[in-house]
Every structure is written in structure tokens, then in C-alpha cells.
């Protein structure tokens, strides 16, 4: 399978360098007769952009153009090709960085491909995630038909619980911003009303596919299924949650994703103090893609 | 792709119910001319069995039989079929459990497949991991040719650091055992001497594939790349580690895996107080399978 | 995907050298609750063996052993592992062939894998097709639930229509046998009662997947969809058949497969004068595997 | 795997309805540092368009736009996204066809997807093949690095050998044109200078993958490997050709593809009298995609 594809029966393949002409992708396997709400897709893409003072001032328009697979906003069952132009390209921001930026992927891309693009980090960029959001928003619309809902929230910034200590967390953000530094944190996500039976035994467990999808997000460093702290409790206290043997049981599925701070602080390149505000929609999108794929894999005559 | 397969170019497909006739698998894509050290495979399988008083007294012989792909212990390049008989089957241990065991996968398997086997938890069992160890040990022998080494250790039992407080951890294990309960913990694993350039951009990042492989292990609940605590530090303190943009850079790669306690404590069925002693070789095996697959995917004319 | 796998949702992976310990495979994706008629599988395997004086006197018992995926002959939905021992191994027949047998795959296997097994042609052997027949017979039992029937017949031997000139064809076979030579021919196969909508647009057309499956059979050289001679007629005479745009329309699907003569005539190794008598069940098996896979791919929420 | 993808390590995924906004695709797995000759791609696309009086007067500009994977016409190793606008859309040609056109895929698409697009035959159209030619031309440039050459020629039109009786064939074409009818024929293709060892045993034989690729072309009905007539000769006369056991041996590989006449003659929609003049470049493109994929799959440490 191509390395830039995720999913088997509801599959997203993406393309695009962060500072090239455009990014985009193909959604293959979306069922026909689904109404695609374009305003919803735009609002999801909007969520991925800067929302507050702790993100960089991007003027990306992120206007998605659909080439195929739709007629009058109804899916045809055929592959959905789409593209988002990169309007706010400023490669000059990157060209005067004489050494590889700390922690960035330029070094490994050079080692892997033997070529160093003039522009920035190639595929290893937050820009690439816009294509994930387009795929994820179509997946969400598909899942809505079954009343499956997915919601992600910021759980912690740095070491501070954001839900319970929001003011303290914002003081931390201000301090980090003034220091020209960056900070990571944790996002928690919940999949609700998922039918039982999703996930495949052994390697393609629902939990395992969620882990791959989440850790594939730029800067994601950790993944945890269930309510956290589960490794410290005893068996008698351990709760079931929505998965047993990696397969959904009909209850809510909760997982969390930890993000490291953006690595290229203090560069002329524009980077976030804290990317978590932008990342909730990406986490939801990846969860929606995994869930949609498993819905299609499960409902295919799993039993007769 | 079949749901019971992991890997693209170095692929393992497994079969087998925990209390059926046999388990086994097919390793497809192992290069030819590799000498298979049978004593090494046996010793790896031995590591997966009970090693101390905190595991159940299994008398599984775990003797692997190879059907194909080898001639005089040299690989032919063709698929390696193998089987391990289930000699120590005691389904009577399981048949008098009138209700589904707490947290076990029987319920979700029933929902997914509409059938309830007489024997225990089907594919969702520690037994299935023996096939992973066979695949992983062949992968390790392949990686040895490139001096790539993989080693996993217990990092924590319950909340106690096992490396620094081993006596305290063992007191905890004794207490848990006497209470008829079980306890989880954390395993840390290191991949050393990995060449740069392994991992594919976007969805098949080295880190993302490791995450899937680890969370696919029974009872694994969390995965973390790098040295831990990375979400709490600031960008200026964040260290590179062996991966950038999800691609190896030639340095050591470290990750950890958290396990919940074995869920079916206090059953007549035989279960561990703490499965971590058996799990290190499983973590290593899954890491070896992922690394071997990426070695083959990367060295296929990634550059010309 | 592993190179020895066919199918996505109903997948067969096989292993085994022709003169090794055993051959076998894993069927992944067979739905649960299907009753497996063991006598039927045995009879299918029997069809693959010598049936008349124009095949070699094989004493292969071809007794299949199932390791998993079944309980009391009912499928569990989990992978079905199976094995057939190679009881009639006579590698001494092959060891004194000092040069590569004309047309056989030993040369290409040596070039590909850099190793020359002591035994015969490795995976490139009629022996390997027994695993296809096991997979195909399970696929047929699955398709029977939908009243889909698949039947193959010998259409021609050499250039002679076998259905209309059977006596002439048998005179040809006798002449070829006395000359110590071998002869090929053509098999025609019909899939009946196939529902409409099977096959995927563009690359995974029903016809295209049948073509791959058929040409993958040892000695198969040509594939033709529909009633034959279709390239010579005009558009106004061209008939629809059971496929439009590569997708089934509910009518019968007919195709034919041409086989070259067995290449290693006149060797001490045991070979057929004409392999077509054994090949009908292999053609049916491959057609059943393709159809079962497309059934599962199509019935997975193709439309909502 | 998505249904609209061909290839594992050098993979093409396509999108686009024949009368929608655009068609296009993603080439995933093309190595870096390859110079992409844009004039060559244009000339390949030109070959796919009408070349003589026996094709319809298309004014498609078929100008390909590349979005990613290239910088100054050098490949980066990342996915190559591309698009061709459908400039010559005339859906009014199709809207007054009150009944399904004979043999066309509208019926099966309706059955499969439960939706009837306003425009013509959806994905089942010659238009879709432009994306194959873009993918194939990049594959050809990759193969040129190894001096692998692929060339296809018209072998027969109707029942007439085009190479030896060109005048007779052209008289036939004129007669068919005047009758408002259409005619098929046969294309022969040769792959030269292919290294030995390409192709995978059993299901992914070079020949089997070529068969799938060729039969996936619209109107392709038959595939034959080797020099033809091979089923009628005896084993003692059968020649090796470039494949043994489905794996290349270093000699030229020859195969032929039979096409039925275009089915929708006599419609207002614009269709060819004989599509073979346009089809040679499509046959070459599909052969190049298969060969490039097998090159990458084979050179990935097949032996160590």
C-alpha cells in the first residue's frame, strides 16, 4: 500500500509539501448518497487555523476545491479528489536558516530521499494536516448517519489540567510566549454511540488503529486508551471502557494524545506557542477516519 | 488486507484460538539466505513463558514446527509457515464461568461474530502472542545482519519504578498476589543502531507504526515515544531522540508501553499476577517486526 | 501486502514448497456461522488429483488439517489456518537433473533469491495449487449461501474443441502421450446467479481481478472475458455478458483460460500429458476466491 | 486498499468522472531525484487523443497540472498529486439519452451505488485513462534509468493482421465508419531489457499483475502472455519467453491485449470507430506502472 494512505475501505491518500503549490488528497470508499455539507467542512478547516494569541498569524484561506466524487454536493460512491491551494507561501522565511532547525525533519528527509528542497520541512508540517481535516470531515458526515459523535478537548497544557485550572494554564501560556518558547500538552477525545463489534482481532484492534492515527499527527508523542492512570491501578479496580479485546462494546471510547512543544521556536518561520488549540480538530478527524473505516470493514458480512 | 496481518514487505499473518488445536502463522517477505538459529527462537519463546512466582504455572511446550520457507535452516525467500500445538488445553477451566468474565473479549466477539465458542476468549488471549514471538525472532535475526539491536525492560510495576526500587516493587507484587489481585506497569524499549531514513511520511511514520504494533498487544493501554514527560517540558528543553518527523535519524529510538493489570483475576482460569515479566519479549518482537518491515520498505530504491 | 496473499476482505495467504514438509495457508475474512462440509473439501481436493491416464500417478493423500477458525465445523469468523502434509516426496527424482529443466522456474528463482533449493521448483509448482483449492472450497461454501454457482469445463485440448469432438481430442492425447510429449488447451468457466454491483471501478474490476487470479495459475497463458472471438466482431454485434464497466449486472459471467503444455516433459520428475483435467477445479477455486472477496467488499455499506 | 489504487510500492490512485470538473491522481512511491520531462508527459497524453479519422474529434486539452512531489521538475520522493481539467464537457450530449446506452456501465453503477449521475458513464470511461497515462509516463521515466523500454503496437483490427495487411485493415475501418459502427482488435506489447527476478511467486506473478492491469483498461476483453497460439502447441515446441514461473528471466516479455469494439456506437455522444489508435499508449502506461512497482518490490533486499 502506498505510504501516504490510511484506511482500507474508507481510505484517505494525501499529497502536498507545506510550501508547494497545493496540498490535497483522495477519499476512496465513501458511500454514495451522502450529502456533503460544505459549510461544515469550511468550519472544520477554520478550527484548524489560529484561534487565539497563542498561534501564529496564518492567513491561509484553506479553501477546499472538490474535483470529483460529488454531484450537487451528493457523493457518487466514486473517489473524492480535492485540493487546497497554498496561498500564503513565504519560503523566504525559511531560506536563511543556514543550519537545520533543531528537531525538524529536514535532516531525516535528506537522509531518506537524498534531496533537500528549497522550501521548508516537506511533508513533515502542520500544513499537511489540512488534508486530514477534509478527509475527517467527510468521515464525520458519514458517521452522523449512524449518530456516532466524536469530540476532542484540551485536557492539559504543560503539566496543568486545562479543564480545572484554565486561568493557571493561561498564565503559563503568557509566560511561555514572552520567553519566545513553546509548550505542549494533552488532548482527550471521546467517541460516542459507536456500535459494538468495531475493530479487528489481533493487529487491527480499534485501539491499535487509533494509536497509529494519533501518533501520525505531527508532534504527537503519546497515546493512552481509556481513562488514564490505568497502569497503576489493580485488576480489581480496572474499568472496562468502550473496548474489550480491542473491539467496541457499545459504550463510549475515550483516549488521550500527548503533544510535545513545537520544536522550531525562536525561528523566523511562523510557529505556535501552543498548537493544542489547533489540534483538537485534527485528533477528531483522525478518529473519524479510523471509525469510518472500521464501520465499513465490520458491516461487510462479518457474520452471515 | 486481511485483518490478521501486520507489515507490508516483511509481513506476519497469524491464526489460532487460545484453546484450539494450534496457533501459528506465515512470515511473508523474509529475505533468502538468512540462517535461522532454532535455539534462539526457542529461547525467545521461553522468555514468553512464566519466569517467576508472579505468573501462572503454564506447561505449554511452545515447540514451533516450520512447514516451509527453510531448507537446512536457511531461508529460501518464500513464505515461512509455522505452527505451535496447544498441548496444555484445559477448556474445563473456562466452561463453568456462567457469566462473561469481567473485561474479557467474549462479549465483543459475540457481538461481532454472532457466535460464542465453547472455549475461552478466542483470538483475544495472551496465547496468540506466541506467534508474534516466532515472527519477531525471525525479524530479529534479519536485523542482526545490520547490527540493529532491540531490548525491552520493565520500567515500572504499578506506580513504582522497577529499575530503581526493585525491592519495593517486589513487596507490592507479593501484596497483590496475596490479595488474589493483579497489577500492571510499564515497559521501556530501545532500538539501537537503526540506520537513518526508516519510516514513511505522514501516516506510516516509524513512531505511528510502533504505536499500532504496541497497542495491539493484549492489555497494552498506552504508548509513548521518547524519554517520557515530553508533554510537560518546553520547546527549548525538548530533545530530539531517534526520530524526526517520524523518520529515524540514526540515534537510538526509545519508547514505552503501559499495560493494565490482567483483567480476569480470581477466576479458575490461570492468569498472571503481573504479566510484565512475559511481555518484554512481546514488545521486542513487535518492534522487530515493524523495524524489519521499514528496512525493506526503505531500501527499495527510496533514492536512485 | 505480502506477495503470497490474494484478496482484501476474503483473503488467502499460502505457503509451501512443492517438495518440502507441507503446504498450507490462512483464510482471513471468512464470515462466522458458516458450516464447513469437510467431505466437500476432500472431494474438491480429489478433483485436483489425477483422474485419468493422462496425468501422473500421484499418491498424494492431500488430507487437509485445520488448525483454527472452526469449532465443530462451524466458522468462528477468525482466521482459518490449514496444512496439507507432503507425503509423497521424492526429491531424488529431481536431484540428478544436472541442468535446469527447460522452462521451469528454477532459473528465475535462483536469480531472484540467490539460492538453489535441493528440491524442485519451489513455489512454482502444481503442488502449490492444493492450498488454492482449500481456500476456494471454503469460498464456494460461502457463495452457496447466496446461491452463486461456479462451474468450469474443458473447452479445448490442443486446437480441438473438447465438447464437440471429444473422440478426436482423446486420439490427440494418446498420440501426445506415446510421443512422451505434453499438450495444453482451454478451460471455460461460468459464474451464475451473481448479484449485480460486484467489482470496483477502474483497477479492481471484476474482470481484472479474475484475470490476475487466472493468470496466476501455473501454466495459464491467456484469459478472455465473455463468449470469445469478441475482438473480431463489430460493436453492433457485441453482446453484453454479465459485466458492464467491469461490474456485474446480474447475468451469468463467462470467461476462458488458456494453458500451455506442461513444460518439463520427458523428465524423470512426474508430470502430466495434459493438466487440464486437474485444472478445472483450480480455475473454479480462483474464481470463487475473487467472487467471495468482491461480495464482502461490495456489501460493506457501498451505499447508505 | 482503496479500490482506485494500483501498485504497492509504486502506486497510482486516480479520481474523476468523465464529465465532471477534473480527473487526476496521486503517484505514491516514485523515488526522489528523478528528472520529470514535462514535454514527454505532454506527448504521451497527446498519443492518447484522436490521431486520425477513426477517432472522435476531441478537443480536450489534457494539460496536466502537478501540485506536489516535484521541485523544479525533480521528484522529491513525496507523493505526486496531479490534475487535468475537463475543459470539453458537453453533458447535453448525454442527457437526452432516455434509456441506458447498450452495454454501458450506467446500469451497473446504478445498481452498485444507487445513484444515477446527470452526466455520462462516471468512472467507466475512456476519459479516466488520461490519469493512467500521467502515472505511466512517470513510471516510464523511472524505468528509463534502468534502460527498460516498453512499446505497444496494433497487431490486428477486427480479424485482420494490421502489421501485414495494413491496407486491408484500413478498408475495413472505412466500411465500419460508413456503417456508423465500431470495431475492435488486438494490441501487442513488448517489455525490453527487464532485469531477471521481477515478479512475486504465486499470486503476484509478473504475468498475473500485467493481466489485471490490462483487463482493467476500458473495453479490454482478453490477455495473452507470450507469442500467441501457445495453447495449441505441444510441450516440446513451447518457448520460454521472458517469464518463467511468472518471474522475469532477463529476456523480452511479450503479451497481447484484445479489445472489443466501442459499445456505444450510433449515439450522439462522441465515440471512436476504433479505439486502438488511442489505446497503445494506455497499454504501455499500465505495463510501465506494473514494471515500476515490481522493480521497487524486488530491489528491496530480496536477497542479502
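Here the chain labels run A, B, C and D in written order, and each chain numbers its own residues starting at 1.
Criterion: a contact is a pair of C-beta atoms (placed from the backbone, for glycine too) under 8 Å apart; a residue touches a chain by one contact, two chains touch by 3 or more.
As the structure is a prediction and not an experimental result, all values here were calculated from the model.
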Request  = Select, from A-B and A-D, the pair of chains that is joined by more C-beta pairs in contact.
outcome  = A-B
Ask   = Can you spot which of B-C, A-C or C-D is a repeat of the B-D interface, where more than half the contact pairs line up?
value = A-C
Task = Name the chain whose C-alpha centroid is most distant from the C-alpha centroid of chain A.
result = C
Task = Give, as an integer number of Å, the spacing between the C-alpha centres of chain B and chain A.
result = 26
Query = Using the average of all C-alpha atoms in each chain as its centre, how far is it in Å between chain A and chain D?
reply = 36
Key: Sites on chain B at which at least two other chains make contact   = 1, 3-5, 8, 14, 32-33, 77-78, 109, 112-115, 122-123, 201, 297, 302-303
Request  = Name, in rising order, each residue of chain B that touches chain D in their complex.
outcome  = 1, 8-9, 31-34, 77-78, 142, 145, 201, 295-297, 299-304
Key: Contact set on chain D toward chain C in their complex   = 1, 3-6, 8, 14, 102-105, 107-109, 111-115, 121-124, 128, 156, 158-159, 176, 179, 181-186, 196-197, 199-205, 207-216, 218, 221-226, 230-236, 238, 240, 243-250, 258-263, 265-266, 297-298, 302-303
Note = Per the touch rule, the chain A residues reaching chain D in their complex are 1-5, 7-8, 11, 13-17, 20-26, 28-29, 32-33, 66-69, 71, 74, 76-81, 83, 109, 112-115, 117-119, 122-123
